[in-house]
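The next block holds one structure in the form of structure tokens; read it before the comments.
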């Protein structure tokens, strides 16, 4: 019961975040193709953020399947995650509209890092309340992806001041790493 | 379980897309009927896009009723479909605000084509994972509607540069084709 | 199943419509109380529309409790209702921002009338597919409220050109009529 | 059934309110860090309002777990609560954009007070319809938090004209009081 409503609320917030982002694609006044050109960087950052949010929804969804009871700590850790994700439309719009300045790539990395840490805390609290032999604990194993991502975000944040292209490439790389199918939780659920 | 949350997330995103579109109908400063005139093209494109999104929700809803298990591929194919649909408010606003320029009618067709292809991929992956004797596979049969639509979209895209009226008529035609009741899935579910 | 998803989608759309309306209350640049004054008419029309949408949600919710199977016709009648309701934020903002001009009060009535007719069609299709002895048919009885409302809306539309105050009073009256508790469906469900 | 849809609708509205607020963080035109400075007060008020809405969701969620049947009164009391909460994005944006003027801190307190009273009414109607020996009645006990909060809001409203800093500190204090874990309902559900 509790779990169902937590999922429903999270789904609602994620659905709105992912959709609201499109409002940053402001309809141009002119009606020709060249009027779309200034929107290209906004569109590219939109695609990247869309993929990130889809990955978060996907991972959240799998993680919640292993959850059996929801504690107050889990509820708040989930809210904390949603807080960071709610900032993605803003920073996506800022990065796109200013054609990937160093400052905007820096902030984009900070938000992604904040979300990653929030996700880690949520995962930690779920494992803590379900025990080390729980499905999630077994499924994660050494959780290499989860540990490599924050390191890469930090790299992206640092390189944003050297070369914003490298920074962007790193953020794209993390997205690709997570897009590669990862059946740890699915397997663990089957072997239960 | 998995299926339920996929449906809930999709419902959320579609509900937001269909509603956010209305924000492109900017409240005019004047309070007389003549102040509404410039909004007429936006309103007309709003109606068309509303119907398209309603058709997608309707079809998605029927298709999901035949789904018994959700794979990672289905999850991502669904996200891909939502990505294309999320661009509809933008292109609807652009087309309406610029009174149906060739470029905007072209882009409108591209987005519709993208969504149609994404829907086709999703359908393909569901059939693939459920087998050729599955309810969906039987229900679709030769899937004439699904095959004719992309061809018509391509026609609409091409004609947009010749005569934007023909292009618009084609998009309306496709919507009408889908509005005609189609009980293939309902029948197949009954004959199960 | 089908019914559940129809309700979920409707809930989503209604929740967004009711919330998006608040975006018409544009944050004023000044920070004093007098800067809020121009917003007062928008706020008043916001309250009225909020109540209307709450009534629609409430009635829809009760009506759906009597539904046992969902036909294609019901699905589309529901979409038609959502279409009219989706226009409420626009006309609310227009009426408020222009301090209740005759034209905006006229359009407000048109949208309310459209929604009322759409609701009537939805109700008709549900009764048609569930039979004259169905719970809903019995609960509605002569359905005085449902028959009086459209008449009052038409009155409000006509009077908008004579005196916008009378027109507004009529719209408020209809809202009050519906706010008066009405336990027809609840009773019918109990006596089942 | 009824309860489920009430929760779903409330979740939807709350999810939208909490997410729409981020739209008040307008993307600045410049791409440097200094361009973010004017947004800092908006961001701070965003954090405070996010926490308040999360607390409301959390408490609503716990309270609804004790509900067994939903009356018309409960439905409308819930709508009344949503009305006040729907005004939070507006007043958050106003307070942030004008760097915490006395008037905006005053209005912020009024909205919080309105929401608190609406919540109290909802709680009262649930207890009334479920009896004095119901889970919720037992769980609340003397309900010190619920009684202290309105008093503190009134204090915040009054002090807004003396020193806006004190007023803000009081609003933060109330949020902290509610963030402290409170297992009354959870316990009462277990001891059932």
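Letters A, B, C and D name the chains as they come in the text, with residue numbers starting at 1 for each one.
The definition used in the following text is that contacts are C-beta pairs under 8 Å (C-beta built on N, C-alpha and C of every residue); 3 or more make two chains touch, one makes a residue touch a chain.
The structure displayed is predicted, hence computed values, not measured ones.
Least step count on the touch graph, chain B to chain C: 1.
The best fit of Cα atoms from chain A onto chain B calls for a rotation angle of 90°, in steps of 5. Taken over every residue number at the interface, the positions common to chain A and chain D amount to under half, indicating a different-residue contact.
For chain C, the chain whose average C-alpha position is most distant is A.
Here the CA centre of chain C is 26 Å from the CA centre of chain D. Here the CA centre of chain A is 37 Å from the CA centre of chain C.
Within chain B, contacts with two or more other chains are made by residues 8, 12, 15-16, 20, 23. Within the complex formed with chain D, the residues of chain C that make contact are 7-8, 11-12, 14-16, 18-20, 22-23, 25, 27-33, 35-36, 47, 50, 54, 57-58, 61, 65, 179, 181, 183, 186. Interface residues of chain B, counted against chain A in their complex, comprise 1-2, 5, 8-9, 12-13, 15-17, 20, 23-24, 72, 75-76, 79, 82-83, 86-87, 89-90, 93-94, 97-99, 101, 103-104, 107.
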